[in-house]
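Per-chain residue numbering starts at 1, and chain names A, B, C, D, E and F are given in the order in which the chains are listed.
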Amino acid sequence: MKPGPISHNKPAPLLVFGAHPDDIEFGCGGVIARETASGRPAHLVICSRGESGTHGTPKQRTAEAKKAAALLGATIEFVKLDGDSHLEIRAVHAIKLAGIIRRLRPDAILAPSLVENQHPDHWRLGKLVRDAARLARFGGLRELRRARPHAIGQLFFYAVTPEAEPADITPVVIDISRPEILTAWTAAMEAHASQTSARAYVQLQLTRARLRGLRAGVEHAIALFPNDPLVFDSLHQIARGSRKF
Amino acid sequence: MKPGPISHNKPAPLLVFGAHPDDIEFGCGGVIARETASGRPAHLVICSRGESGTHGTPKQRTAEAKKAAALLGATIEFVKLDGDSHLEIRAVHAIKLAGIIRRLRPDAILAPSLVENQHPDHWRLGKLVRDAARLARFGGLRELRRARPHAIGQLFFYAVTPEAEPADITPVVIDISRPEILTAWTAAMEAHASQTSARAYVQLQLTRARLRGLRAGVEHAIALFPNDPLVFDSLHQIARGSRKF
Amino acid sequence: MKPGPISHNKPAPLLVFGAHPDDIEFGCGGVIARETASGRPAHLVICSRGESGTHGTPKQRTAEAKKAAALLGATIEFVKLDGDSHLEIRAVHAIKLAGIIRRLRPDAILAPSLVENQHPDHWRLGKLVRDAARLARFGGLRELRRARPHAIGQLFFYAVTPEAEPADITPVVIDISRPEILTAWTAAMEAHASQTSARAYVQLQLTRARLRGLRAGVEHAIALFPNDPLVFDSLHQIARGSRKF
Amino acid sequence: MKPGPISHNKPAPLLVFGAHPDDIEFGCGGVIARETASGRPAHLVICSRGESGTHGTPKQRTAEAKKAAALLGATIEFVKLDGDSHLEIRAVHAIKLAGIIRRLRPDAILAPSLVENQHPDHWRLGKLVRDAARLARFGGLRELRRARPHAIGQLFFYAVTPEAEPADITPVVIDISRPEILTAWTAAMEAHASQTSARAYVQLQLTRARLRGLRAGVEHAIALFPNDPLVFDSLHQIARGSRKF
Amino acid sequence: MKPGPISHNKPAPLLVFGAHPDDIEFGCGGVIARETASGRPAHLVICSRGESGTHGTPKQRTAEAKKAAALLGATIEFVKLDGDSHLEIRAVHAIKLAGIIRRLRPDAILAPSLVENQHPDHWRLGKLVRDAARLARFGGLRELRRARPHAIGQLFFYAVTPEAEPADITPVVIDISRPEILTAWTAAMEAHASQTSARAYVQLQLTRARLRGLRAGVEHAIALFPNDPLVFDSLHQIARGSRKF
Amino acid sequence: MKPGPISHNKPAPLLVFGAHPDDIEFGCGGVIARETASGRPAHLVICSRGESGTHGTPKQRTAEAKKAAALLGATIEFVKLDGDSHLEIRAVHAIKLAGIIRRLRPDAILAPSLVENQHPDHWRLGKLVRDAARLARFGGLRELRRARPHAIGQLFFYAVTPEAEPADITPVVIDISRPEILTAWTAAMEAHASQTSARAYVQLQLTRARLRGLRAGVEHAIALFPNDPLVFDSLHQIARGSRKF
């Protein structure tokens, strides 16, 4: 495993997993733009080249993802699991992802939601990341013996479409209303030109973020779904609710 | 409506509603001790004198509640609704509570959980407070015309017993591990001497807080249940998850 | 009870209940425009004059509702229950609403959703209508002895805000994409000028309908939530699913 | 992949998947009889020969399934996945089923429900079909490059036993009361003579359909569970509710 | 409060509450027949005379209920709350029912389920009984000061129709297959002649009990829904599961 | 398959599956101590040697498990599936476990809960055992042809941590308050010395059992979660509820 691209003098990075080259941008690109804008490193791990999609070649899609990552201020790498539309839940995959977690040593991780009624790669990757975050802590795992165990702070799920939003987790809502954030996010989505020409993905996501923002009393917002309850030192940190109407 | 007991040069107070003189202490006393320890005013509103309970006279119980509030560093007032074990969901009650909200102008409110399989006064008060928090915003409400409308930041529910913890809201976990917080909370619970002599209430709550703390990797903790999703500016604020095992 | 305003030579009317003068337009106005456009009578029953709201006098709001109903091609009446923000769940209210149902003899009824975390009048009215639809069938109810019992075909719930959408009922999605429908709906919402000047209600609803439409592969759509499972003679009638992404 | 057995001058066929030779008949045979009676082609795909069951040889069970399909007016084919009681969720299976979907080009698909507490092959096949229905749309899938992508209208789940009925999807109820439908369904169930001699399967299903019918106010009915919300042009199409008591 | 009709030398009685004269028989009559057949006293409390129903006069219905109770081997009393179809959730009702509980001092109580989408009196009575069972324990309740507090062992809910079965409580299944039990239950249901002539109530219930029995591997069975988890000394007592298919 | 270690002149054994050497002791050791104390044989099947954990060698952990089993009065065997942290859901595993069930012929089985947000081996083993319990009944399964089919009475799930307790199954609560039971359980947990030195597992479990006991009105208790509804002959057997506060 080669050394990670991120220096450890910075704050702990945000680590984001996506099943296809465009999932991260469409599902939570605004959050990444928000985090990198405040100086936090973000690293994207893409688990296929989108080779089974209707539009775009693997080469095109790789280039689009790299461009989008740059627009979001994030670094990017590609990892090969079973390939687009072929992902299965295998221990070997979870262990490979756990190795990436140990290398990057993030505080927070974002992964696709576990709701199953969506692209079959999405929720499978979500489950693999959830398992990987746990395996990253286990000192005796022989495949990862050379990488120091690492416990993350929190795993959040993002939803690529409204259908993927889990009904059984209370979301946290991230305010992404600052114009430069919205601009960067929109540009990153549009970087996936092979996809956006065929379907109204950008409009779907901006409409969704606007609706979430209206509900929360801000311009635009994105909901994330924490895998475990959040711990706070005081109510002072959590005094803002999402209920404008 | 007489002027509230809290000066408005301070940070917005925490406002806490309880159906009986001891509910707040047993359900979330540790959180209140935590907040007042950091300089935030807290005000308790008790909606009966506990006059239908098996133990303690109304006079005793009022005195116990006052003593407990002082131990938590909180102010206290009593409001008469239908009386202990007689509470009904009436618009007039919600409006009365909305008047208290307008007077105190809190940022956050704590109220008993809406889970119905517990003391019938608990969830009814929770529903009344939830409705009151909304009515407090409506400018045309004739009964409250002299009190300026007020929108709170967030409503949290507390659970007096484990049975009252809602299964459909992801909790936030408040770390109350500092020894002086635990000491103040324990003293406040024990101030309800008429109750604690009959049942192992204090042990129940400390065991519960210890279990919640063990799960979160701290000494003691209390779970609260937000009525609406929480809004944040950044993931930085929510990087700590409750999953130690 | 005076004779209803609707002749019975026409198809059975759609009967719609709203707690405040603008709830119906914001929550399901597009569906009403769609039904009246195809020749089905629709009748709106408004259960307050919005007298507790921050903006608009009862007189203004009554006029706005009448104008909006006309724009939707619907008839309208006002019924007095407990008044805005004062609604309670009382048998006498359910019986009064059951009398209206017996008079109008609708096939389908629309009522506000039962989700409780919204304006307290909304879900209470929803519960009263649900009970009323049942009471309308009972031949022995002494208050309604002079009105012939009536069994409706189906009760649907509408959600005034996204927060009011029930998570435990699979919705049906009504396509309201035809431009004249959208125009009529928008005009009906804007007829509530006292409200729309203060908050972005129209934008909220159009954004919501656009998002629901994008998900279903149409321009705009509104979700309704059936109170009971729907019965069909054949799969032929239900071959269109809402899943475009 | 050989050419499908169904001419495309007819209406789009109903495509039904079953894990074992008798699952379709027991779970939704009445619906198939109803559809074919009105001239719609139906095609059954059976994914094992029932070779792990206690009763009946694979040869017997194949013959029984063919006889039952004929009684329902449906065509039938057998596809080999992992074999009875050995089914695993593999991408290769989902792709194989997606190929069948592309070949048959159905409007609606029926598959076993996803509830896991039943025969392990049932829910696994349901998940594979759900994934297959999505994969059938993806133009870049290399294994299926020669078959034109196809998007179905709706996927419904059927429940082989009451235990398999999902609690989180509002069902649609199909009226199968016409005597000739019930007769055809019963005959198709009884065609599985190796199974019905050992357990009261036919009685279970007729009792279930009678109970569902009584609830809906008809003689017999079968519930199906849509994978996605249904889209309609008007309330007119959905005016019949299932609530007789 | 007059002395109860049940001597206290016997085992603790089963106490059953019904909203209308026939609810208990239709919802759980077989369970009562089963309990009285083994020598346990059962007492029915009916909270209206069915005076709002379409069929039968209050006098007829009272007589039918008395006859049915006798056929079940149970005693019966009528208590007046708000009247048929007029029941409201009032503290005074819960306290009155708590008084009955203190008088009868039952071990187990049966009450209608809390699912709201049914006759409005049913779930309201269920909630009142649930609250009453709690109030019966409170020593300070002034209205009941002369009746010694009483804590029941368990509260179970019964469902008058399949729609009333709660989806969020795992049921316990009571085997009522013995022919004399089924005979007594059927006779008790048929004693409500004013109702059974108009709707297929008896057939609905027998079909339901047969389906539940088939699922559990017995002739007939009725599901009850415990309000709180059950406590056991050993797994030995709970070794029989309901899963025959 | 070698002959089982348990003579069949005794009552049917309790069969307990664990993914790692310590899971059974931490999750439900008190229940096993309770059952063996009353003369019922219990047999533990451990599906890894804990070789991926941070602490303890496989050899140490095997020894610890054997010691713990002896302290609980249970027999033990180890079965090799995919190894610690590598478990996958494969048909071959379920069939292997079904073979163990046929050999031991238990009445009740305990397995780890299906809640997925825990160690990935836990819920996967739970699913495999659930499937295995069903496969054990199928006469035609070729791999198990030499072992007579067996139908168990009930499958219960245990939760290794509070996070693993399923929210959608009503638990049964087993009273383990007798001092000798608690002593045996504590000793069995402490036998896993390699684990208990690193984390407060014993304290977690005793705190949890104390809290569950306080809620049920006993000293200590453990909740189990039945896979299917329980069948009873009479209410007499289920008269004790868990609700002390």
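Just so it is clear, a residue touches a chain if its C-beta (ideal position, glycine included) is under 8 Å from a C-beta of that chain, and two chains touch if they have at least 3 such contacts.
This is a predicted model, so every value here is computed, not measured.
Undergrad: Using the touch definition up top, find the fewest steps from subunit B to subunit E.
TA: So the least number of steps between the two chains is 1.
Undergrad: In contact with subunit C and with subunit E at once: which chains are those? Just list them.
TA: Touching subunit C as well as subunit E, we find B, D.
Undergrad: Of all the other chains, whose mean CA position lies farthest from subunit C?
TA: F
Undergrad: Hey, which one of B-F, C-D or A-F is the same interface as B-E, over half the contact pairs lining up?
TA: Interface equivalent to B-E, from the options B-F, C-D or A-F: A-F.
Undergrad: What rotation angle takes the CA atoms of subunit A onto those of subunit E? Round to the nearest 5 degrees.
TA: 180
Undergrad: Look at all chain centres (mean of CA atoms) and spot the one farthest from the centre of subunit E.
TA: Comparing chain centres, A lies farthest from subunit E.
Undergrad: Cα centroid separation between subunit B and subunit C, in whole Å?
TA: Each chain's C-alpha centroid was found; their separation is 37 Å.
Undergrad: Rounded to the nearest whole Å, what is the centre-to-centre distance of subunit C and subunit F, using the mean of the C-alpha atoms as each centre?
TA: Roughly 52 Å, centre to centre.
Undergrad: So, what's the distance in Å between the C-alpha centres of subunit E and subunit D?
TA: Each chain reduced to its C-alpha mean, subunit D and subunit E end up 39 Å apart.
Undergrad: Where in subunit B do residues touch at least two different other chains?
TA: 89, 163, 227-228, 243
Undergrad: Could you list each pair of chains that touch one another?
TA: Those chain pairs which touch are A-B, A-C, A-D, A-F, B-C, B-E, B-F, C-D, C-E, D-E, D-F, E-F.
Undergrad: Name, in rising order, each residue of subunit B that touches subunit E in their complex.
TA: These residues of subunit B touch subunit E: 50-55, 82, 84-89, 116-117, 119-120, 163.
Undergrad: If we count contacts the way the header does, which residues on subunit A are in touch with subunit F in the complex?
TA: These residues of subunit A touch subunit F: 89-91, 94-95, 114, 127, 130-131, 134-135, 137-142, 149, 227-228.
Undergrad: Please output the residues of subunit D touching subunit C within their complex, sorted ascending.
TA: 14, 31, 34-35, 38, 40, 107-108, 152-156, 168-175, 216, 218, 221, 223-224, 226-243
Undergrad: Spell out the part of subunit C that touches subunit A in their complex, as residue ranges.
TA: For subunit C paired with subunit A, touching residues are 160-163, 167, 199-201, 203-204, 207-208, 210-211, 214-215, 243-245.
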